Amino acid sequence: MQTEKKTVNQFEPKVIAFVCNWCTYTGADLAGTSRIKYQPNVKLIKLPCTGRIDPVFIIKAFEKGADGVLVSGCHPGDCHYNAGNYHARRRWIMFRKMLETMGIDSNRLHFSWVSASEGKKFTEVVNDLINKVRAAGPFKSYEKINKEYVIND
Amino acid sequence: MTELKNLVKSLLEEGKVTKVIGYRMYGENNTKPYIAVTPNDAEEMVLNTDCRNNLSVYLTKKEIINGGKTGIVAKGCDIRNIIALIQENRIKEEDILIISAECKGVGAEKGSAVYANKCVNCSVKTPHLYHELVEMKGSELSQPKDKYTEAKEKVLAMNSGERFEYFSNMFSECIKCYACRQACPMCYCEQCIADMSIPRWIESSATDRGNLSWNMIRAFHLSGRCTGCNECERACPAEIPLSFINKLMYDTAKEEFNYESGMNKETPTLIGSYNTKDNDNFIQ
Amino acid sequence: MKVGVFICHCGENIGRTVDCPKVAEAAGKLPGVVHSVDYKYMCSDPGQNLIKQAIKEKELDAVVVGSCSPHMHEKTFRKAVEGAGINPFLCEIANIREHCSWVHENKDEGTDKSIDLIRYAVEKVKRNEPLTTIRVPITKRAMVIGGGISGIQASLDIANAGYEVVLVEKEPSIGGHMSQLSETFPTLDCSQCILTPRMVEVYQHPKIKLMSFSEVEKVEGFIGNFKVTVRKKARFVDDEKCTGCGDCIQNCPIKKKALSEFDENLTTRTAIYVPFPQAVPNIPVIDSEICTYFKNGKCSMCVKVCGRGAIDFEQKDKLIEEEVGAIIVATGFKLYSIEKKPEDSPIKGYGEYGYGKYKDVIDGLQFERIASASGPTEGEFLRPSDNTVPKKIVFIQCVGSRDEAKGFSYCSKICCMYTAKHAMLYKHKVHDGEAYVFYMDIRAGGKMYEEFVRRAIEEDDVKYIRGRVSKIYEENGKYMVKGEDTIAGVPVTIDADMVVLATAMIPQPESKKLAQTIGIPYDSYGFFNEVHPKLRPVESSTGGVFLAGACQSPRDIPESVSMASAAASKALVLFGSDFLEREPIVAKVNENICAGCFYCKKVCPYNAIEIKEIPSKNGKPVRVVAYVNEGLCQGCGTCNATCPSKSVELTGYTDAQIFAEISAI
Amino acid sequence: MKIGYYPGCSLTGTAKEYDKSVRKTAEVLGIELIEIDDWNCCGATSAHITSHRLALSLSARNLLLASKQGLKEILAPCAACYSRLSLSAEELIKKPDAKKEIEELLGEEILEIPKIINLVQLYQRVGAEKMIEKKGTGNAKLKTACYYGCLLVRPSGLNSFDDSEEPQSMEKIVTICGAEPIDWNYKTECCGAAHSIARKDIVVDLSHKILTDAKTRKADIVITACPMCHTNLDMRQKDIKKKFDKHEKIPVLYLSEFVGLSMGLTKEELGIDLHFVPFESKTV
C-alpha cells in the first residue's frame, strides 16, 4: 500500500527487481490489471527465467546505486523451462551466504517465488522490500566506496 | 614402496609418461616446481614437507596436457583439485599418472615448525586417487593456530555495516595483479570475465569498488569448486587473507548440500546440479 | 544509433496517472533519442502509422514504445516497425500501464517512474541486435491425453481433418465419466446411447491410434516437435490375439474380491475384467493384485478357456515414444470422496454426513449407476443397504464446493443441474416417492437449464429447501437429515431412506504431476491453467499444449465438447503451416573464449548444448567447446548465468543489455 | 510440568467435583496447576450477550493477570470459560486496535497473550495417554457416550484440535481408559445450556433427547467436559423422569472423573458421590 504522505527530502529507495518473464513479470502484470496499488520505487528487469539471473547482476545493481534488490521467479516445479529456477536457487543459497557475511544486509536483498496468479503477493513482496530498505536508509556503505570513481561501462 | 627418483626415472625411461611435474629443492627448507622430461632429470625430484605448491595448476595448461601422458607428484590435497578438474572436463583421468604419498603435512612457510593452515583438519592425508605411491620425507610438524575460526567469530560478531567496512578495507589492499587467479588450479578460463570489456563486468583499475566486486565474483565463481589449497593467499603480494571467504563458501556448501569439492569424481558438481528439496526457507 | 520513443496514453488508462506529454518530452532528451512523441492509442492503426512514418522520416534505427505490457502488444509493435523496414527485435516495450499507471495513484510518481522505465528500455534497445526469426518444422500429428468425452471429441475432430492422433487413456477403456452416467441434462437423453457410437468411431478411425491402459511418462521437446514417452501398462492380455469374446471373464473364479470401479464400488468384478460391456477396446485386463496366478501360480483358468491363447502372464509394461506436434490435455476430473480422507486432504469436514458409515448415503456418481439401465439395479431405484425402494430421498448440494471452511472455494458448476436431474429421474420412476433438495443457490445458467430445474420443482414436485445440512444420523432405520430452512427460518429434520451427496469436482489426483511432466501451469487446486481466461481459454501457456474439459475447471458435457473442438481447432491451426516461426531468443557460444568446462551443458534443461571439437591446422582436435543446438534451445538463459567466462550469451537478453538496464537506474 | 489454571465460577460452586477431579488427576499426571491470582468472571452468558466490550475486557483481565504471573498456557476446564477466553485471546491478537482500547481500560499492557487449552487437550497432550494406560484399572468395557456440547469444539477454525461437527478426541481418551465409546448422534447437540434455571422446560426437552439417544445406543454412562452440560444432564434427570415416564436414569460423569477412575482414584476422591444420578461402576 502507499505509505503515508511524504515529507520533502524523504529518502526514496531505489529498488531493482530481477524477474522472470513467465511468473513474476506476469504476476506484476496481474497486479496491474487488478489495480492493486504499490509503491513506485521498484524497477523491473525482465529476464526469460530466474536461471538467467547471474548473481553478478545483483552486485552490479548495488554498484550502480540500488538500495535494494529483489529476485523473483516461478515457484519450484512451475518453471516454464522445467529446471531454471532450481539451478538459480542453488546459486542463490551460496551467493546469499557470501553477501550476508560480507555485510550486504539481508533486508536489502530479497528472494521470492511469485507466480503469474499471485498479483497480490507481488505487491506485498515489493512493498515489504521497499519498506525494509526505507527503514535501513540509503546504502551508505556502497556509496562510500562508489563516490570517488565514475567508471564508464 | 618405490623411491621417488627411481620411479620417475623408470616411468620416463619406459615412456609411460612424457614428463613428470614435481618438486626440486630451492635453497634450504624450500622447494620449487620442476618438470622432469628426461630420465636424468629424475635425480632432482623430491617430495617432502617443504613441497607447498599445488602443482595441479599446471595440468590445465595446453602445452602440458596436449603433449602426451603427464605424471604428477600430488599430495592428497592436490589430488582433490585433480578430481575437480576431471569433474569439469579439464583433464581426462587416462591422460595423467598420479604419484602420491601418505602426507605428513607441509610447513606453513620456509623453515616453519608448524603446518600450513590448509593442513588443519585435513581429511585426505591418505591419498584418495593415485597410480603410484612413494614416501614423503621431512620431520614432524606441529599444529598451527586456527586463524580461520578466530576470524570467523570476529566477523560474525559484527553487524552488517561493520562487516562491509571490514571487507572493503581488506580488499582495498588489492592491486588487481590477478596473482590469485594465476595460482588457482580452478581458474582456467580462456578469458576471465575480469578481462572482459564489452560489457565491463569488473572495473579494471584497482578501485575500492572494483576490488570488492572482483573478490566477490572470484569467490563466487569458486564456490563449490575451491578445495581450500590456499595457493591464492600464498600468491597474494598484498597479503590479503583470501582463504577466509573461500573457506566460508566451502563450509556453506558442506552445510547446505553436504558437498565437498574434489572428493569423488563421480559426484555431480555443486553448481550444475540441483535437488528439488534444496533449502527454500530464505525465499518469500 | 537513432532511437524513437512513442508514448501511448491508452485512452485514459495511462494518461490518467501519467503525464504522457511530459514523459515524451523527457524521453526526447535521453542520449540517443532523436524523436519522441505521445499519442492517444499507439496500438491503433493511426498510432502504428505514426511509428512507421517516424521511422522513415527520422531515419530511426530502433524504437521504444511506452505502453501496456509486452505480453499484450509487443508483437503488434514489432510487426509495425518491421513494416517500416526495421528489424523487429530493435523494438522494446516499456510497460508503463500494468507496471505503472494502473498501480500508482500519484501522478508525479507515475510520471517519474514512466520516465525511468523509458530510460531503461532506451538503454537496452541501444544494445539490441537485429535477429532473424527461427523456423522450425512441425510434426503434423497430435496427442490427446485422456479418453473421456473431451478427449474423444478432440481426437475425432483432428482425425477427421486428416491428421494422425494418438489417444492415450489411463483406464482399460475410453469413455470416461460420461459412460457411467444414466441420462443427461437438460434433455434426459441416455448418456451411453449418445457416447458409445463415438467411442466406436474412435476405435475404427484409421487416423486414430488408441493407447488404452497407458500413461504419459515423459514429455520432451517443444511446440511442433514434442517427443512423448508413453507407458503402456501390462494388461496380461495380448491385444492382437484377443477377440473380446469374454469367455475368460465368465470363467474367472475370483468373483468378489474387487469392487467395480465402473459401478463406483456398488458391485464387484472378476480378476480378469473389462470395466463395462461396451468398453472400447473390448479387451480384458488382469488385476494382478487379486489374481490367484499372480499370488501363487495355481490358477490358470483364463488361459485354459481362451481359444486364442491371448493370456500372457509374462507381459511387461512397454515404453513407447511418440513424436507429435501438439498435445491436448483432457484428463478430466474426479468426484471428491469424503469417505477416503487422506492425511493431506484439502477437505476438512463432512464426517457428520456419515458417508462410508451409512450404506445409503451415496454420492452423485453412485446415484448415476443406480439410475442407469446398465447399472447394478438395472435402473430400478433400490437402495444399496437392503435393495428396497427408498420412499424419501434427500439430495444435498455443495458438499465440498463453495465452502471455504471445510472444502473448496469454487463452485463445482454441474451439481445444481444433475441434482435436479437425479430428483426428476427418481420421481419419474417412484411416483409416490418424495425428493428433497438442500441447496445454497440454484445456478442454472445455460440453454434450457433454468427451465429444467423449474420442471423438477413445478411438474415433478421436488421439494427444494434453501439451507445447509448440519448432520445425518440414523434413528429407527431412517436417516435423519438435520438442516436449516433459511427461507422459513426454521430448523428441519427429514427422515430419509436414502441421501445423495453432490460432492465437489476435483482434479485428477495426479494432475499436478502430469502438469509438471508436460510443463504447464496449474492453479492451487490442481486444475490446469489457461493463458487467458477470456481470450485464450483452451491454450496453456506452453506453446502447442491445449486444454479441454474438466481438467481446466469444473465443466459440464456441452462445455467440455466445445472446449475439445476449440482445442482441436487450435492444433489444426498449428498444422496449417509447414514451419513454425520462433522468436530467435537462443543461446550463442563465443568459441574463441569458451574454456569447455561444460557447466552450461550440465544446467541446460533441454539438452541443447553439444560438445564441439576445434581442430588445429593439421586437423588434430586441440580443444573442445560448447555448441548450442538452436532447434532445441528454448532461450531460458540458465547457461548464460552459469558460464563463468560468459562465453555463452542469450540473444535478446545479453549481459550488455542487462547491464545497460541496471546502469540506467 | 507447570500450567496455569483458571477454574471459573462453576468450578467453585455447582461443579466443585469437576474442580476436585481435575486437580486430582493433574496431580497424578505430575502436572502442577497454578491458579491465576485474583481471577474474575470470564465474561460468559450475561456479559457477552449484553456488551461485547465488557465480555472482552473481563477475559482480557484474566489474560493480563496470567501473563503477569508468567503463565504461557492456561487450562480452562469449563467449556464456556474456555470458549470466552480463547475467543478473547484470538481477538486481542488479531485486532491490535481492540487490544489497545482494552489495555487503556485495564491501565496496563498485555505483553504476552497466553494460550488457552481445555481438559481434552491437556489429556491428549501431556503424554497422559501412557500414564492412564499404565495405572488404569477401572471403566473396563463401560459403554460410554462422549458428549461435547456446543462450546468445546466450536466455532470451527478457532481451535483446530478436533473436528467441530464430528469430534473424536474424547473417544480416543475413553478408549485408552479401557472403555468403549459408542457411536451416537447427539454429541454436539444443545443441552439447554444457560436456560438451566430460568427455562427448565426447554432443558428437560433437550436433555431428554440427548440422554435417550445415548440410552438407545446402549450407553452405560455419559461423559462431558462442561459444568453446564453436567448440570443439565445430571440434575434435570429427576424432572425428565417426571415428564417422560419411560426415562431410565443414566449416570453423567466429568471427563476428569472418568479418567480419575481409570487411574485408580476413588469415587470420593473425585467427588462422584456428589452427583444426583448415582454411578455404580462395574469394576471400581
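Order of writing sets the labels: A, B, C and D. Residues in every chain begin at 1.
The rule is simple: contacts are C-beta pairs under 8 Å (C-beta built on N, C-alpha and C of every residue); 3 or more make two chains touch, one makes a residue touch a chain.
For clarity, every value in this text was computed on a predicted model and none was experimentally measured.
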Chain closest to the assembly centre - both centres taken as Cα means: C
Chain of greatest Cα-centre distance to subunit A: D
C-D against A-C, pair bridged by the larger set of C-beta contacts: A-C
Between subunit D and subunit C, distance of the C-alpha-averaged centres to the nearest whole Å: 50
Approximate Å spacing (C-alpha centroids) for the pair subunit A, subunit C: 32
Between subunit A and subunit D, centroid-to-centroid distance (C-alpha), Å: 52
Centroid distance [mean C-alpha coordinates] between subunit B and subunit A, Å: 35
Where subunit C touches two or more other chains, by residue: 603, 642, 655, 659
For subunit D, residues contacting two or more additional chains: none
For subunit A, residues that touch 2 or more chains besides their own: 55, 77, 83, 87, 91, 153
Chain-chain contacts as defined at top: A-B, A-C, B-C, C-D
Subunit C - residues contacting subunit A, complex: 69-71, 95, 97-100, 102-106, 109-110, 112-113, 116-117, 120, 512, 516, 519, 521, 523, 529, 541-542, 585, 603, 605-606, 634-638, 640-642, 650, 653, 655, 658-659, 661-663, 665
Contact set on subunit A toward subunit C in their complex: 2, 14, 16, 22, 25-26, 28-29, 31-33, 35-38, 40, 43-49, 51-55, 57, 60-61, 64-66, 77-84, 87-88, 91, 115-117, 123, 153
In the complex with subunit C, residue positions of subunit D that touch it: 156-157, 163-166, 183, 185, 188, 213, 216
List of subunit C residues in touch with subunit D within their complex: 348-352, 357, 405-406, 470-471, 473-475, 480
For the subunit B and subunit C complex, residues of the former touching the latter: 62, 66, 88-90, 188-193, 196, 198-201, 221, 268-269, 271-273
